[in-house]
Structures are given as C-alpha cells and as structure tokens.
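Same chain, two partners: subunit A is paired with subunit B first, then with subunit C.
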Partner chain A sequence: MIAPAKPDLVTVNIDGQEIAVPKGTNVIEAARLVNVDVPHYCYHPKLSVVGNCRMCLIEMGMPAVDPATKAPIMDPATGKQKINWIPRPQIGCGTNVSPGLHVKTISPMVKDAREGVMEFLLINHPLDCPICDQAGECKLQEQATGYGRGYSRFVEQKNVKPKRTQLGPRVTLDDERCILCSRCIRFSKEIAKDDVLGFVDRGSYSTLTCYPGKKLENNYSLNTVDICPVGALTSTDFRFKMRVWFLKQTNVIDTESSVGANTVVWSREGTIYRITPRRNDEVNDTWLADSARVLYKAVKAADRLAATETIEALVARAAALFKSTPGAIAIVGSARSTVEEQFFTRHLATALKASAHLVSRVGQGDKLLISADRNPNVRGALVTGLIKTLPAQQLTDLAAQIDAGKIKAVVAINEDLAAAGLTAAQLAKVSIVYLGAHANATSAAAKVVFPTLTVFEKSGTFVNQQFRIQKTLKAVPAAAGATDDLVVLAQLVAAAGGAALPAELGSLWKVIAAEVPALATMTFANLPETGLVLDATPYAALPFVEGETLHYKPAQPAVAAATA
Partner chain B sequence: MPAPEQLRIIFKHIDEPGYTNDIGCYLRNGGYEVLKKAVARKPEELIDEVKKSGLRGRGGAGFPCGVKWGLVDRKSGKPIYLIVNADESEPGTFKDRYIMHQDPHQLIESTMISCFANNVKQAYIYIRGEMPHGARILEKAIAEARAANFVGPNILGTGYSCEIFVHRGAGAYICGEETGLIESLEGKRANPRIKPPYFPAVLGLYQCPTIVNNVETLCHVKYIAEHGGAEYAKIGTPGNTGTRIFCVSGHVQRPGYYEFPAGTITMGQLLNEVCGGPLPGRKFKAVIPGGSSAKILRFGERFKGKRKVGTELVDYDWGVEDVPMDFDSLGMIGTMGGSGGVIVMDDTVNMVEALANINAFYSHESCGQCTPCREGSLWMKKITSRMVHGQARNEDAALLKSVADQIPGRTICAFGEACSWPTQSFIAKFGDEFKQYPETKKTAKPADAVALV
Partner chain C sequence: MAVITVERKPLTFLERTYLPQIAGGLKTTFKHLIAPKKTLEYPEQRPAIPVGYRGVPTLVKDPNGREKCVSCQLCEFVCPPKAIRITPGEIPADQADRAHVEKGPQAFDIDMLRCIYCGLCQEVCPEEAIFLQNQFSMSGYTRAEMVNHKDRLYELGGTLPDAHHKWDKKKTAEEHGNAH
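Here is the complex of A and B:
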C-alpha cells in the first residue's frame, strides 16, 4: 500500500520529473532533489533571499483551470492538463513551491536568460583566473563554462575598482572581482550580527566596503570568504599559498569548544593550508569560527615534541616508573582527547589503580559556534566512563594529594599540569609521564615524554554538547618523532599489566562497543558523516556549563559559572 | 479637427495670477471644503467612489488606483501607511513639482482624504531630493494645515487623527520605484524589493500594508471625492478617465504643461495646435510620449490594427499625429502614456546622440542590484558614448539591440524595462541612422550641438 501524501508535501514538476517536496521549499532546493542544477550566485540556503543575481531565472507555469468552474483545462494534444506558462522568466530562489507548479530549467528562454546574465557578470570582471585564489572553486568559472556563451562581445573599458582592500585582519577584498551578490553583507548582518559591510556608489560602480571606521574583524569574518561565490573576498592567510585543486580534503571536527563544528581540512603533501566549514545542518550549518581555522598551525609549531628514543625504550622507562610507585599514581586525562583515547585512559587508570582527573576549560560562549565549554569532549569522557562528574577547573585535589605525599607519579595526557594549577614545587615532587604534542612546563618536568599527535594527524571520535558522536579523520601523516596517542596508550596499558587493546580503530571499536553500552551498536566505519546523537538522559542531572549556541539549547539554565 | 479646450481640474490654479501657495489663498478658493465633507462620510464610500471613477495611476504604470486600494491588507491588524510618491524623476516630467510649488494644499487635502478613506494614521510625502524648495513649501503648508486642524490629531473634531511627514529623497531615480522608495524611507539604500513577497499592499513600509500613490493621482482623488466617481468617469474616455497632464518639452514652439480630458486629444493636435508646432524651418522627427523610458515614435511611421470602440472592434490606421494621448492607445502602438512627459525631437537631432544621452542617464541611475540592469545599462552607455566620442562601428547597432534584449523582464523592478526600451525602440525605429552613424560622424557636427555626458 502506498502511504497517502503528507499534507505538508507539495507535488511539483521539474523538467518533467514529479517530486513531492515540503511546503516552503524554493525551486532551487526542489530541483536539487531531482538532481537538476539551477545555477545561482546570491542565493544561499542559510541566508535571506534577495533575488538580485538573476542567474536562477527559470520558466514557470501553473496548471490551467477554468476561471469560472475551476475545472482543469485539458490539452487535447497530450491529454494532460494544460499548463499556463508565465511569459517572463522567474527567479527560482524567490519562488516557493505551490501545488502543481511546473518548472522548466532547460528551455530556450532559460538558456537565453542565463547566457545574458553570465555575459553581464563577466564584462566588468577582470578575468584574472590565472592569479585568482578562487580559481577551481569559483562559481563564476563553473557557471560560465556550464551556461555561458563562451565568447565576449565587450570591447569597452572595464570598470576600475579597488584591488586589495583589507576589510579586516583576515579578509582581503578585490572589488573588481565582486559580482555584488550581497551574500557577505547578509551574512554579517544576519548570522554574525556585525553589520559592517555594505555597498557604496550605485549601478555597475557599486563597491563593497566596510562602514567607515569599522573593520570586518568579528570571529566569523572568514565565512564571508567561504560564501563569496567569486574571488572577491579571499582569506589573507590562504591568499596566494596554494591552488585549491592540489589540495586533499579531509573531514575533521573543530576541537576549540564543545560545539564540535564540522570542518574540512585542506592539505597537500602533509602540509595543511586551510580549514573550512563542512555543512552540518544540526551542528554548524555552513559556518565556522575564524579561530577554528588557525588550529592547524599547531601541526608545524616550533614547540612540537619529537622523540629521541624508540617508543619501546620510552615504554620500558614508564613501566619501571609505574613499578616503583605502586598505588601512588594519578592520571590526568584530557577532555580534548578523542573518545578512543579516553577509553584507553580509563583502562590505564584501572590497570594502575590510579585516580583519573580531567581539567575543565570554561570561557565565554559566543552564542553561535563557540560554547562556554572549551573542551571538545567532556561528554566523551562521561560516555566512556572515564569520569562520573564534570571536571574541575583546577587540579586542587591532586595538588593536595601530592603535597600530602600520597601521589608520587602522574601520567599527564595532553594536559599541562602547570596550567591546571600545579606549582613547580609540586611538579618537582612527582615523577611525570607526559603524553602530548607540544612542549610545556609539564613536558619539561617529565621523566618520560611521549611525543604524540595533534587532532589533524589522527582519527577518532568526539562527543559534542548535543551528545552527538562525530568522526574526525587523519588529514596529514604524523610528524617525525611523534607516535599516535592510541599506540602509546595501548603499550602503556599493557606495560601496566592491563588488557591487550588494539590501537587500530576498526578492531578497537569492537572492544569499545562491547564495553561501553552507549556505543554498543556502533562501529567506527558506519558512524554517519553528520554524527549520531547518543542518549543524554543518564547525564541530565550534571550542571553542564554551555549556554545557548546555534542548534543547541541547554536542557537547564546554564549555571552562573558559564558566564563568569 | 481642432484641438479640444484644456480642462484644468488639477492645474486649475497653476500660474493663476495672484494665486499663492499659502493656506489663506487656498481657503479663499474653496480649499478644504471637500475634506470637511469627506470626513463626514464612510471611508468605504470614498473607496467605492475611487473604484467607480476608474482613476489610473499617474506615476507611469497607469495602474487603477481603486484596485491598488482594494489590495491593501486590512485584516493584519498592522497600521496602514500612505506614501505620496513625490519623487518625480522621469526625465521629461514636470507636473508634480508645479502642484507642490504652487498649490501644495491641494496635495495635502487630497492626501488627507485618501488617508481617511483608507484608515491611514500616518502619511509620508517622499519628495525628490533635488527639490528642496518644494520640501520647504510642503513643510510650511503642512504646518498651516495642522494649525487649522486639517492635519494632526482629531481632525475637524471627528476623532480621526492623521499626521503627514515630509521626507526628502536620497537623490536617485530609483527612489521613485515604490519598493525602492519604501526602502529609502526606512533609511536604507533604495534597492527595490522582490515581489513576491514584498507587495507594498501587504508588506510595505516597516513590513506593514502601504499605499504608494503619485502626487497627481492623489489630487484626482480630491476631485473624485468632491464630484463623485461617476461624474469623474464622464471626463475622458472609457478606461482612460479624468484628465491627463502633458509635460511637453523639446523642439516645439510652446513647450509647457497642458491638462486635457484623457484620450480626447491626439499627438498631432497637442504638438501642432497646442504647442505651436515645430520651431521655424524645422520638422518633427521623433517623439517620446511618456517620459524618457517610453518607447520612441518616429514621425512618418504608420500603426495599423484593430481596437475596441465600445464593444466593437474597428480598424485603425494611424500616423504618429493621429494617436490619441491615452494609456490604451499609446500602449497599442507599442509605447506608453507613462508619466505624461512628452519629449519632442526635430530633424536637428541625431538619434545616436540622443540615445547616448538617455543611456548615460539610466546607467547612472541603476541601483546596481540586478545583474542585467546594472551591467546592461552601463554597457549600453559605454557603447553609445564610444559611438559618439570615439569610434563608431557598423556592428554597434546590432550589439546594442542584443544587449538591450537581455534586460527587460529579468529584473526585480521595472527599471530593467525603463533602461532597455529606449535602446530597443531607437534601434528599431532609427536603425538606419545607427548604421550610417560612422559615416555621419565624418561630416562636421552642428555648431550648436550640446556636449554629451
């Protein structure tokens, strides 16, 4: 039996294909569902519709009905209801579907309209693709190829506009390339709520600019570069660095807060060149904070740790240390580690009969894509059972135990104990095994240092504030002298007398699924790209610090600490 | 056939010796009597009168005023705004300016009647930025009317209150487009809005239902309120009721403004009899009948077809001189009545140069929102300017036409049509001159040729 059509669905006909789409869908999105491309520039699914580029012009018609009787008028030639085609092309972005709407995206009128718009867009465009950073991902290039005439009839002087305006610390503007689609203006106003961009002058001389005395310097300014369909807005950081078609794209998770924004890391030959947002309508839409885009600089940072000994030698030294301090070991795990690493940390704590600590990081949420909890994976530590309560800001308990002489060794994983409140004297009193990617006071004081990886060099999962478990993938190979955290942790667990755990993710997830009930049905491979939401009810009583952000409302009012 | 007599109902007191623009003079001439009667009637009655009158908008498009008022969303619970479009910017049009300068109280009284009819509590007069004098006159007149209780709270003791504010425009042609005007009035760049969804009658000023009417249109409303819609409909011809004001400029003996019952006068009568014909020793060459965006007519061309007279279809075979000056007849021959700005050119005018001038205007006035108009208008300007000042090519006429054809019907507002129709019609009617222009240029220019932009 075929289920009756839902009342909120509307059946439309696009190039002869019938499709039922939700009410309120516009023609561009409806066409996308039947794999019909309606080219456009100014339309963006997450911004208001202005309909100014005129690229999405299509032919539209409604089934004919007798005005008096409302009876359908049939076309004797086809035997179907006659369609009254509107004689002028209409914009797809600004037209929402209505029952029976007919759309032609391939007709002489549409072809002519697109060719016209393409020609107009190109006449004053500098056509400097060979030196333009947007080349390769430029809508103007793509659509000129797909819908343009392929030759120019323009013999006049092109308009001259400012070529390298610094709109802010991170965004450079080339006004001659700008096609005045106003996406960046709408983004700044509607999403970033920092209405600093606008057009001055008029007609073809219209020029994008910043409000006098202001700068485009909010933490979301680089989204304007992402949504710029042409090479007008470019990232000052990425400008002239690399051709985009040489870059490998890897799906990664932003680790700067518990929002867990989805990103794409663009790399070539082991070097990362930029980070851009990856659309996830449940998490970050199509946006990403500027601060998330510079995290890759940690990979080639000057303070990266590199091993001078073999991993076996390091493990042997750590094992000896463990043996010399039985029952007096503490573990400082990290809410910045992946779920898998936290799972290993728990095993290590069990094997060493050690207490596990975590360090919290609380800042101000920006109500958009940076939450108050600056740890990406506090919930992962809860789900894996590493912790039962939320971590404290300072390691005061541990400090007291060290002062009392109860703790003689500390395994610090990705956390700087000094930054977490331990004094130099306290660090000197204990033997430290440190796992981390970068040098700090703890690595300096440590007896054994395992150089490990940044998030860009490893795969794993994170559980964000929505209890959504999301996959991050290895974008670049491990730095020389650094070992995967999981490999180190597996060997440490074994050295501590714990179970043998596989460091390879596929096998590891079989163990995780068997041991962690919340993750029982999952494998690493089948985790969907947009993540999977876990049951949050066991943790409902915990006072999470997050306030409201995009696509997240706290279950309970955020505690005062969140804003303090 | 001799030209009919002028019938001045809107321009009754314009240029009348001794008539001043203060309220005293207006009251001595029977001013505000219509408002006094109107506020005692039911608002719906007044709307009905306007519907009955068949009044069509005088701003350019000729949209029936009663229909426009009928579209207003009165159930939303939001306030309804009335905006007087006094942004008279179409080249060749100069009627609203005279009403505001010489008879401002006529506009204020008409506005108040229209506001009362539509339950409007706040009206704006959006006056063109380049008319500071008119704005000052209106401000003074509104103050006088407010002092006399014709504007403001509790008008004439009826309990009905309505304010009028004068808002000076931003100095752009596009501010006269009703949704551009609304954006500008809201303090933004005058980019016209997309329709749907932003029909002014539903989502206009501040997203509230809004009526935007031209100055002259509203003045007709006062006449309708005074004499009744049926009486008004007797003036002019069916479908083109009331009077029309023609602003004749260019190469005629007596340019100026003339008010006639719509459809009763032909182009020939207007130009030859009323305006005294061409300048000595010259011949009419072309005329733009409804503001510079209307399609040009070439003297000597014939228009044939069938038209409705009463219920019958009759053949017509007109020269330019025979065309009745009403919306429908001008529409039938492929141009438009528009704003009533009749621009006359005689045989001293080179059409390439005339078009270069028009294109310079429209490329300067495109708001820059829609690609076809923004780029097309400037491209056409660059071509015609190059033809005049630089090298003219034989293929330019075809290119101009092709560029112009890519614009109309593909933009948010009617500016796309406004900027492309001149080029389309100039090339269609005077294609020979465009083709010959490379040759024409080689001969010396007339000594008194005006420098082009």
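Here is the complex of A and C:
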C-alpha cells in the first residue's frame, strides 16, 4: 500500500507544469493532480504497487549538476538548468516523486512505449466485446482507443484459455480476457485477507486460478470484479443482465451496518441492476461487501406491500385510532430509517405524548466494512433526539407495558415487532399502525398499514459509526401503491395534532436545522458527497457496540458483541 | 417597380381550330397504349428493389441456421427513435453448437411504429446479425401487431451468407487448444 502522505512537499514538473505534492506520492497520482492521465492497469491506489502491466511508462529526468562541484549545469539554449533525461522509459506507478523530478507523459518515446504495451496486451485478448459485460467501462477498450496503434499486426492464432470458470458463488472468470495485472490477487491477499487467487503456468500460458480445493467465496469477492480492468472477472448476478451504458448511476448509502459504505446504484427505467462501491477514503475506500450488493432485490420483492386505500383514508383511520387510545400509545421507531424520518418520528412521539422505542440489531463485525451494529442510523436517532440511550435488542419494556394494559396502540415504523420479541398474543392485544415496505407478522396483525419505500426509492441522510452524516439519493421511482415515509409521517403528525412539517427535503432541512442544534449549519443540498462529521463528544459515554473496522476505531473498548 | 407589358400574340387560324393540339394529345395517348407499362399491379406484382435498399429491419441466421445476434444491445443504444428493445440472456452450457457464444437475446422487439428505417442498427451491429432487407410494407390493425418479435424478425430475415465465421473459428481454436 502507498505509504500515508507525509506533510513535507516535493516540487515536481509534469509536462512542464510545476506542482508541489506530498513526499511518497507516485508519478501517476502526482500527474492526476495536474489533470494529466497516465494510463495504467495493474496500479490501484489502495493496493500495493507491482508494476507488471508496463502501461504507465513515462519519461523522467533530474536537473543536471556537476559531479565534482554539485553546481547546477545550465542549458545555454534556454538559460535554465539542464535536465538529464533517462534514455529509457520508467514506470509511473513505481516511481515516487523526488525534488526537481521532471516527467514527460507526452513524448514520442512514451507514445511508442504505450503502443507497444497495448499491442502485446491485445495479442491474446479475445474479440469478446459484444458479449463482454465490461464493455463500456473497460480500461482495455478505453486505452486501446486512447493510446493504441489502432490496427493489429498479429496473424497467428490467439491463445485459448478456460472461458466460463466459476471462481466462487458470485464471481465468474474468463481467463482469455485476463491481462494478468494481479489486482484481484493483491486484493484477496491484502484487503480481504483470503489469499485464494494466483497465477499458474508461465509466459502466455499464465492463467489466473483459485488455489486447488478453495473458492473465492469471502464476503468481499465482488470487489475483484470492480477492480478488474478488463472483463475477466464478472459478477455472476449481473452477468449478461444489461449493458452498462444504459444504466443511470445514483449515489446511495449502504444500510447493511453502521459503517455506511458509499455506493452507486445502477438502474435503468426504474429497475436496479447492480450496486457498486463509491470511493470515499474516509469510510470504505473503494470497497464494498458482497452482502451489500444484493440489497436492491428488496425493491422488487414478492412481499412488497401495496396500498388498497388512499393515503387520506388510511390517515383518517389512524387518526381515529389515536383518538380512541389517548395516552396509551407507544411508538417503535427504527434505526434503519433516515435522519429525516427519525426527526418526524420524534415529532409524532411528542404530538401523541408517546414513548419512543428503538430496536437494536447486533451481529458479528468483520473488521472491514460490516460493523457489529447492523442498524445504519442509531446515531441519527441520537442526534435528532429521538432516543437518549442506546436501544435494546428486545422490546421487553414495551411487552411488559402491553401485558399491564398501559399501552393500547403501537405505531411501528419499519420494524417487525414480532422479530423484536413481542408475542402474537401481545400483538393481538394492541391496535397497530404499521409503516413499512414489506409484509411481516406486524403488518399482518396491524389495523392500519401504510406501505412505504425502500432506501433505494427515497432521498435522505444517515449518520454512520463515525458520526459522519451522509446523503443517500433516490435511485428508482416509488413502487406502485407505496408512499414516501416522510409524506405518511408528516400527515400522521398533523393528524395527531402536531406541527405541520414539510415532507419535501429542501424545506424540511430548514426546520431540522432550526430544531436540532448539531445540524444547525446544514442543508440537504450543501451536504458534501463524502459526508460531514458531526461532533461526537455528547455521546462519548454511550457503550456503542462497534468494534474496529476500516477507518474506524472505537473510542473505548467495545462491549462484547453478542452474536445474533 | 417597372411594369413590363407582355404582348399577347393573336392565335393563328390552325390554333384557333384546336386540331393540332388534339392530335398532339392523342399521339401521346396512343404512344402509351402501345409502349411497355410503367405501372405495377401492386400488390400482385412487386417492384424490383435496388441494391442497398433499406426496408424493414430483420434478424438473420448464419449459414448453419444458428442465431447470429449476441444481444450486445448496440442497436438498442444507437437506435434514434428507440424502436429496439432487447432482453439479453445466457446461452446454457448444454447447447453444444452455441454454448461457446455464451450470450444471445431472450427477447428482441422492434416497434415498427417507431422505426424510421435509418439503418443505423445494421451499421453498428458487430456480429452482422441485423439487416434492413427488401421488405418495405408493414401493416396491422393494432399497435401490438406492429411490434416485430424475435420469431417474426428471424422469419423476415432468413439466412445470409457469412464471410467471417467468427464463432466457428473460435470453436475450432478451442478444440485445437494451445500448442503446449
């Protein structure tokens, strides 16, 4: 891995542009800072440098000094210090900057070198582009167009390698397309710590394979598909489903755990086809767990709820229910809801003079991108003031109150009460208003059911384990018969006699900023793509369950995470 | 603006009888009675279609009767009126003669109410699987009838000669293997 940048800066000259970059930066990254593209395949900013693809060849030189006196040698033609250019090209990824380094990325030698490398890479590359899933986002296609010769001199027979290998349950390998960059091998070894991939045979017979008897089946295997610069590693789930140029990209937050990994959702005409990671160096680097990539299947799940009545009729029924049970209402909010929904939940609790409960979900953290807390937004509930203490895994308090007859109605928002420990008898004892996207025991027992949206169908914010508030955007339109949670909650708050709240995010955030001190300076529109870290000191005493994950260290020793 | 006065010539005696003009007209009429016919008894008779004519887009099969389209969806992408809609699919491994192609269309629809016969789909096709052939007349009673599905497209397209045999060569190479 690239050593962390030290503050001391080094001035380098790239294609005539001077730039000061941190010591330890390599030429590819330095060139990126001056918007110069150095083509590469094997180099990846988050993996170790191997320098085996040879695509990033550049010309470099150092200012000339007299060997004896160390005095600069001047070039009489230009009046500047002479540059001693190395007569052979060097690789940009493996060359770290040094003071006064001069780099040429556009010279006849570099052009020749790139054309030569491209020609070698294309010799054994099959003409699979029409059937290849990588087409459209393929580095080989892009760089063959940008830096290649444009025609082939190869008349011999191309190499033959295995075409449809299943490396694991989620990854399909086409060895003919592989350009042996070894990114997948380095990822498995360095990031996933599951060293199962490797090359066998030599020369043009080199083949990527799994270690005999093993499979690429760790929960991060699909990252190898993302970083594969060609179409060698493809996702079995996405294979032959849709060409990437049709897909619309939307920035979404992963709701699988409190890590809040940044993702891109790829959809076409309201159908989601895949989820890939979005680079955020403070949260998930460029990685994403495999389990986070199948969450989109909930959108078109068979158990989606759809309304049979108008929202006004449902709200009227809920309002009547609220009136018939004054002072005996409990609210079960959700740590899977967005910050805005939790803000509305708090308002609903205030309007109904009800107590608000939350349900905690705890699993095993994997020390990478899945934390022990499987709720994406517990901290959002703390920030908005919905809860003061951390939620429990079971609603034992609520169960006792129901048994005692103190609670006669429950508003459940995105939470299955049966899964949170309430028995069927307890569910039958109370009148339930349920807001949720999918059918479950609670929706079956509920008196009023509001079908709402999955995270892919709405915009909002989540606060992750670092207290970083991050924005998620609506990727696909709402399913038929489902209403935005915010619209439902706003109407419920109004029906319960609370303040009129806008369900539209722009106006809503003005209200949130006015009421929540921690979010006073924020608006939804100006929240940066990489998120905004909120002040965590008011919550420092709370025993959060998360252990260490990528870019997160718990402030205090984590309590032993119960395996759920 | 200057006014130009055009002199109207007085008609001659013959012109006033109209006989030369009638004779001239009848000459043309009788000439066409004898001359070969220019019109066709459409639809029983069909016109000869010139080379390069852009008729209804069709899907063609290779000389071995196999589907050529690999559902790369480039035609769907390039189609200006968005008339083409493809559902890609995987060719199962048990189809011995086609499994190595891996990918083929599950569904292929061309909406002929949208099609503008521009021929870009034919131009963009990397597999030479879609051709605008000689069929020029499409009619139907409903909108649904005007959508050509995969079966209809192959029926219209038939088989065209193939100069490349790309996938056959690929299969031969696969069986031949590496010269280890």
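Operating definition for what follows: the second predicted complex is superposed on the first by the 553 of 564 C-alpha atoms of A that agree within 3 Å, B and C clash if a C-alpha of one lies under 4 Å from a C-alpha of the other, contacts with A are read in each partner's own complex, and residues count from 1 in each chain.
Following the convention adopted for this analysis, a contact is a pair of C-beta atoms (placed from the backbone, for glycine too) under 8 Å apart; a residue touches a chain by one contact, two chains touch by 3 or more.
The structure presented is a predicted model; accordingly, all values stated were derived computationally and were not measured.
Applying the stated contact rule after C-alpha superposition, one finds that A:113 touches subunit B and leaves subunit C untouched.
Look at A:121: by the touch rule set out above, it reaches subunit B but stays clear of subunit C. When both complexes are overlaid on chain A, the residue A:157 reaches subunit B and subunit C alike.
After overlaying the two complexes on the shared chain, residue contacts for A:129 are found with subunit C alone; subunit B is out of touch. Of the two partner chains placed by superposition, only subunit C is touched by A:240; subunit B is not.
Contact with both subunit B and subunit C is seen for A:205 once the two complexes are overlaid on the shared chain.
After overlaying the two complexes on the shared chain, residue contacts for A:51 are found with subunit B alone; subunit C is out of touch. Between subunit B and subunit C, B touches the greater number of residues of subunit A.
Common to the subunit B and subunit C contact sets on subunit A are residues 157, 159, 205.
Within the complex, the subunit A residues that touch subunit C are 126-127, 129-131, 135, 157-161, 163-164, 205, 239-243, 245-246. By the touch criterion stated above, subunit C contacts subunit A in their complex at residues 70-74, 76-77, 88-90, 93, 100-103, 126-127, 166, 170, 173-174, 176-178, 180. Touching subunit A in their complex are the following residues of subunit B: 172, 174, 189, 191, 194, 196, 363-372, 374-379, 382-383, 386, 399, 402, 406-407, 409-412.
Touching subunit B in their complex are the following residues of subunit A: 49-55, 57, 87-89, 91, 94-95, 112-113, 115-117, 119-121, 123-124, 153-154, 156-157, 159, 179-180, 198-199, 201-206.
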